[in-house]
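Dropping the structures in below, format is structure tokens.
Two complexes are shown next, each including chain A; its partner changes from chain B in the first to chain C in the second.
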Partner chain A sequence: MNWYAIQLECLLAILAVVVLLTDAFRPVRDARRIGLILSALVGLTLLYSFTMQPLGEAVFQGMYRLDTLALFFKRLFLLATAFVLLMSAEFVERIEAGRVEFYVLLLLCATGMLVLASANDFILMFVALELVTICFFVLTSYLRRQVPSLEAGTKYLILGALSSGLTVYGIAYLLGITGTANFEKLRAVLTEAPVGEATGLWFGMVLVLAGLGFKIASVPFQVWAPDVYQGAPTPVTAMLAVGSKAAGFVLLMRVLMTGLLPLEPVWGPVVLGLAGASLVYGNLGALPQRDIKRLLGYSSIGHAGYVLMGVAAVNALGVAAVLFYHGQYAFTTLCAFLAIVAVTRVTGRDDIASFAGLHRRAPILGLALFLAMMSLAGVPPLSGFFGKFQLFAAVIDRAQMDARYYWLAGIGAAAVVVSLYFYLNVGRAIYMQSSDRTDAIPVSWPVRVGLWICMGAMIGLGVYQRPLVDAALQAARVFGLE
Partner chain B sequence: MNPVWLILFAPLGAAAVITLVTQRWKMLSAFVSCAAILLGFVLSVGIFLQQGQWQSPEPLRWLVLEGGWVIEFGATVDRLSVLMLLVVTGVGSAIHIYSIGYMRGDPGFSRYFACLSLFTFSMLGIVLSNNFIQIFIFWELVGVSSYLLIGYWFERPSAAEAGKKAFLVNRIGDFGMMLGILLLWTEAGTFSFAELPERVAAIPAGTLGLISALIFCGAVGKSAQVPLHVWLPDAMEGPTPVSALIHAATMVAAGVYMLCRVAFLILPSETALTLIAWVGGVTALMAATIAITQNDIKRILAYSTLSQLGYMIMSVGLTGITPAMFHLTTHAFFKALLFLGAGSVIHALHHEQDIWKMGGLWRKMPVTFVTFLIGTLALAGVWPLSGFYSKDEILLLALKENMALFVVGVVTAFLTAYYMGRGCFVAFFGRPRDRHAYEHAHESPLVMTAPLVFLAILSVIGGWGSYVPHFLQPEGHGAHHEAWKGFLLLLVPAAGFGVAAWIYGRAEPSDEPVKAALGRLWNVLENKYYFDEVYLWIVRNVQGAVASGCELFDRWALQRLGVGGLAGVTGLAGKTLRLLQTGNVQAYAFVFGVGLTVIIFYVVVR
Partner chain C sequence: MNVHDILFWVFSIAMLVCGVMVIAHRNPVNSAMSLVLLFAFMAGLFVLLEAFFLATIQVLVYAGAVMVLFLFVIMLLDIRASVLKRLRWLGLVGALLVSGLLVWEIQQVLRQPAVESAVEAKGLALGLSDVVKPLFTQYMLPVQLTALLLLAAMVGVVLLSKRDLQ
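Moving on to the complex of A and B:
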């Protein structure tokens, strides 16, 4: 056993089991405190992960890779988990029963994501993917007395099962034709053998793409996102938006740029089309929305489109841009959801109108949510601007060889313009509209600390991007693209 | 770590700490702000003493983009920047401390110090910048902090208006500067001050002249030269220590400093040099003539500042980089001193700024009076005070290079002595004209008089031995002092003071004799050559007409048809997409399946 490679996963799993058993024998009374402690512990794990070094070779019979890319995403997931646990601690009083199990499920879900970041084999990928997805089935429907939550859970369950079925069907095709489930071996087989008219291969590939498209909420596998984002408990929505999406993207890149790289001429145009369609759908769909979580659901589809631009470019610049974008997007989105949790805890409403005059009721929440919206829209000097800048630069770079990519860049630019409208709408509610409620919204110190970290990162990475850019460039070298 | 980073970032840290943490505790905020700049001063002196072992710190590679596009964030440590560091932190420290006394009891005390620290950070950023992008960013930051401080008493409409005016007028100059920077980049391919000098030679002379002139626009705005000088007198709406620090000693000198920093661009271009010299000369003379008619003590000093900045710019235009920096340094000392002295008077008289309501104050405020007198003599260029040495260098340079500008300089020097003499006689001598104010006048507390004395000492000794020029040009600096010419020039301020004493040196001084002598000209001067009126007319009629035309086009063609149409279509599309989202899970699965089928069809059939 190579314990070094899986130590982070083990840590999280043990933590989950310990918490579960403790609660079983000595029921926890103060669930909020446990949440804060767990958040701090995961934060420490994140710090610890910076001492780890990548391993050169794949381990566990080539199934598992601990390269710079895996470490990059593991850190991202740990960051997201720490923040989501913090949010949950603020949220937990709204859960009627099974408060501690909520944390446990989040930890297990995170464990699955950490494994996914390292998956180098279709079988491991599928197992870890199911671990994550099944945790989410339960988590989305956790508010069991509330119809929207149950509805969201059901939809996620049915569509998730559909996508899992298609994925495993696709894997079977690929495995059957090439005789291997390992990404690197698959690439070797595909490079050697002529793949001219391998219809079955393409069929399998599209099915796997559909499964991953479901995870990242890309058109046309996005239909679940607005409903589930709106109905799920807010911390779960945050986990979906940051963790689940990033997990989908790391897998997508591993599958496409390692295993199926020889088929690039086939899947390249497909990813290009999905990127454009997601950009259009997500940003147009967000326009008429009145509910902030639903708005963020559409926005999440739009952001899948932006990130797919970087994947579609299939160059080192593009992969680095995808990684940078995820890094800054995590801070931005977590900032938004943390502020939303703190506000809705008092107001109990999710509609944008209920955020009117927020800057008077809780200046820090107003500022944090406003900055997050501006960063999502890509307004300089916030980090979202530089993230988008890099993605566009990668696409333009590719467009020098293939003029179709200019169209993608054009659609992306139009999407940015459209998105300003609905993001600014939130800002307008916060700063320009007044509300009849003027009582202050209390903000606890852990939330304050979390918000300052996120805001600091948004501004810091917007002004001085090099640390994250360097890390992203280094991790992007894993694929050996130009 | 290199101490210059600490000098630069300590004030920023102070501004952040005050805004976020200590805002409630006023004295603590003042302490944080003063500590930051004093630390900067001590470190600057330390750097100065280590002459010969200077090293610019390794620049931070701030933005690295494809195609060799590197923008650095660096700090230049050389003779020019070290001198400027000393001036900014030294004079700045005195003014920070003085402010504790002057601003006592103001409700926005902490905000004031936060803004002051922000300004210090921005100003030091200009001083240390090692490339054009960085200097431009700090250039704008200085503009912002100046805006915040001019409009510090924002509840007064005149202050808010003055802040806006300063910002807008500066933006006009900055726009030219930005064009110049971009043009330079397309020609030379770099922003770095270190790399530019060797690439400048390859730029055609005409283009280089244009670039220099455009970049000079930035200096015209920031250093308030004709025709963009109109903001500076209005900027006196800010608190007096702000006028001393920003609108006399440091920020307005940034234009001069910037020109000296990029001298390699300007010196090869004859046309640009002529333009710069004449803009400076005209500003010097014009401002001095306006100053003789002003009644507000701060406005007299403001026009005097304009006039002295004109000298510096003129010196740059006559290729005298060292004399310009020399005069910048001494001017920072005595002009800060004069403003702080004026502030002391204003403070004592409960915000009375009209010199005609003062009179006889020398008995009541001895320290203020003596230091103000020292500042006046230094400004007029009386031997052996600092102004004598620096102004003489410029005048002698003009004598050598350009006779017409020499005459302009001499006339300005005469007027300088005259209007400062007028101000002193009216404010400090004669019979008190406002009995009530006079009774209540009192000397200011030590926290205000100590900086006055400090600056007075600097104003006296700042020019001795021509230390500053020797420091800037150790290998022997050009304009050798021909002592007899210099002393001959002493007759000019003597004549100025003499005339002022003859007219105003009586118990009941009055402007009437001068008014009678000048006739209509007095009105023109009193109205500042009608610059503001002309600008207002242009803005109302020309800009207004263009704006209403644009507005019509915008409203009908762009908003109704363009934006309205686009937004309508976009919104409609959004609403249509909503229909897809029925909430029905079977429908969702259907969309999922159809989408999948389309992709498979595309991939397989293709």
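Moving on to the complex of A and C:
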């Protein structure tokens, strides 16, 4: 066994089991403190992960890769988990039963995501994907006395089960036709054999794409996103928005750009279409929304569209742009949700109107939420601007050879303009509308620290992008694209 | 016609009869028991295909564990014999359409020249050790991960179905 490769996953899994057993034998009184400790421990794991070096070749019979791309996403997931645990510590008092188990499920979910970042084989991918999905089934319906949470859980359960079914059906087709589940071997088989005739191959590919499309909430597999984002407990929504989406994208890139790269002429236009449709649907759908979590649900569909632009470009620049975008999107989205958790803890409401006059009641929360919205909209000098800039650059680069990509860039540009409206709408509520309630909203010191880190990263990555861009370019080399 | 062929027809016809009985019985318990029989005959078909491990699993897991679960649920929910409903035309047309499509698909598949499948190509036998050994060697990591998956599922089920919160 290669312990070195899976040490981060092992750490998280052990942490989860230890917490579960501790609670079973000596029930935890102060769940908030446990959450903060766990958040700090995961943060330490994140720091530790920077000492790890990538391994040259795949381990576990070629199923598992610890390359720069895997490490990049593992760090992203650890970052997201640390912040989500911090949010959960603030949120946990609203959970009636199973407070400690909430953390345990989050940790197990994170373990699955870390494995997904390295999956190089359909079998391992499917098991890890199921681990993540099953944790989310439970987590989304965690507040089972509240109807919205139950509704979210049911919708996610049914559509999630459907997408798992589609994925495994597609995998069966690919496995049956090519005889291998390994991404690299699959690529070798497809490069050798004449692939044009095998209809079953296309069928399998489309089914796998559908399953992954569900994970990243891209059109036409997006229907669940707004309802689930709105109904799920806020920390879970954050984990869905940052972790689950990034996990879907790393898999999508590994499947398409390693395993199915020889079929690029077939899936290229499909991804192009999905990107355009997600951009239009997400950004237009967000316009009339009054609930901030629902708004972020639609915005998440739109962002899936932006990131798919980078995937559709199929060049090194595009992959690097996808990675950079995910890096900055994590900080931005976590910042937004952290602020939302802190506000709703006092107000108990999610609608945008309840954020009116926030800058008076809690200046730091108002500023953090405002900056996050501006970064999501892509306003310079925040990191979101540079993320979008890179994605557009990659698409324009590709468009030199294929004029259809100009259309995609055009749709993307229009989407950015449209999105300004609804993001600024939140900003307007925070700074320009007044509320009859003026009592201060208390912000605990861990939340303050978290918010400062996120805001620092948003502004820092907007002004000085070099470190993350370098890391993204290095990780993008894994695919050997031009 | 040798014994092999005769057994194939016996098992197949018995399966069809059981299948009809599953949907024809009004009492859900009887339907479930018919399904058990169906699974048993299906195991017979697997034996004829020399997939002995699959046959065993079919009996142990499907006819055994899964069906017991079905019966438990039926008895727990105390489902009475259902009232015979009037036939809906739309449903009938839909069913005929789907069945027709399926028959057409099967016909298309049978018309194709026999393709050497991936399983045959590798000379893979479906014995016990062929199935189990890879689980402990090649697929060790996914199997371990499945353990975590089951843990998560178990914790989740307990939490979501517990009657009183605290």
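Note that in this section the second predicted complex is superposed on the first by the 482 of 482 C-alpha atoms of A that agree within 3 Å, B and C clash if a C-alpha of one lies under 4 Å from a C-alpha of the other, contacts with A are read in each partner's own complex, and residues count from 1 in each chain.
Quick note on the criterion: a residue touches a chain if its C-beta (ideal position, glycine included) is under 8 Å from a C-beta of that chain, and two chains touch if they have at least 3 such contacts.
Everything numeric here is computed off the predicted structure, so don't read it as measured data.
Asks: Mind working out whether A:466 is in touch with chain B, chain C, both or neither, as first, second, both or neither?
Replies: first
Asks: Given the touch rule stated above, what does A:281 touch, chain B (first), chain C (second), both, or neither?
Replies: Once the two structures are laid over each other on A, A:281 reaches chain B alone.
Asks: For A:104, select first, second, both or neither according to whether it touches chain B, chain C, the two together, or no partner.
Replies: Second partner only.
Asks: Looking at the overlay, what does A:135 touch: chain B (first), chain C (second), both, or neither?
Replies: After superposing on A, A:135 lies in contact with chain C but is clear of chain B.
Asks: Would you check which partner chain A:227 touches, where first means chain B only, second means chain C only, and both and neither mean what they say?
Replies: In the superposition, A:227 touches chain B alone.
Asks: Tell me the contact category for A:115 with respect to chain B and chain C: first, second, both or neither.
Replies: second
Asks: Could you tell me which stretches of chain A are touched by chain B in one complex and by chain C in the other?
Replies: Shared contact residues on chain A: none.
Asks: Going by the contact rule set out above, which residues of chain A touch chain B in the complex?
Replies: 151, 154-155, 158-159, 162-163, 166, 199, 202-203, 205-207, 209-210, 214, 219-221, 223-224, 226-227, 266-267, 269-270, 273, 281, 284-288, 317, 393, 397, 418, 464-466, 469
Asks: Okay, in this complex, where on chain B does chain A touch?
Replies: Per the touch definition, chain B meets chain A at residues 60-66, 570-571, 573-575, 577-578, 580-581, 583, 585, 587-589, 591-592, 594-596, 598-600, 602-604.
Asks: Give the list of chain C residues in touch with chain A in this complex.
Replies: By the definition above, chain C touches chain A via 117-118, 121-122, 137-142, 145-146, 148-149, 151-153, 155-156, 159-160, 162, 165-166.
Asks: What residues of chain A sit close enough to touch chain C in their complex?
Replies: Contacts found on chain A: 1, 6, 13, 17, 20, 60-61, 63-64, 96-98, 101, 104-105, 108-109, 111-112, 115, 123-124, 127-128, 130-131, 134-135, 137-138, 141-142, 144-145, 175-179.
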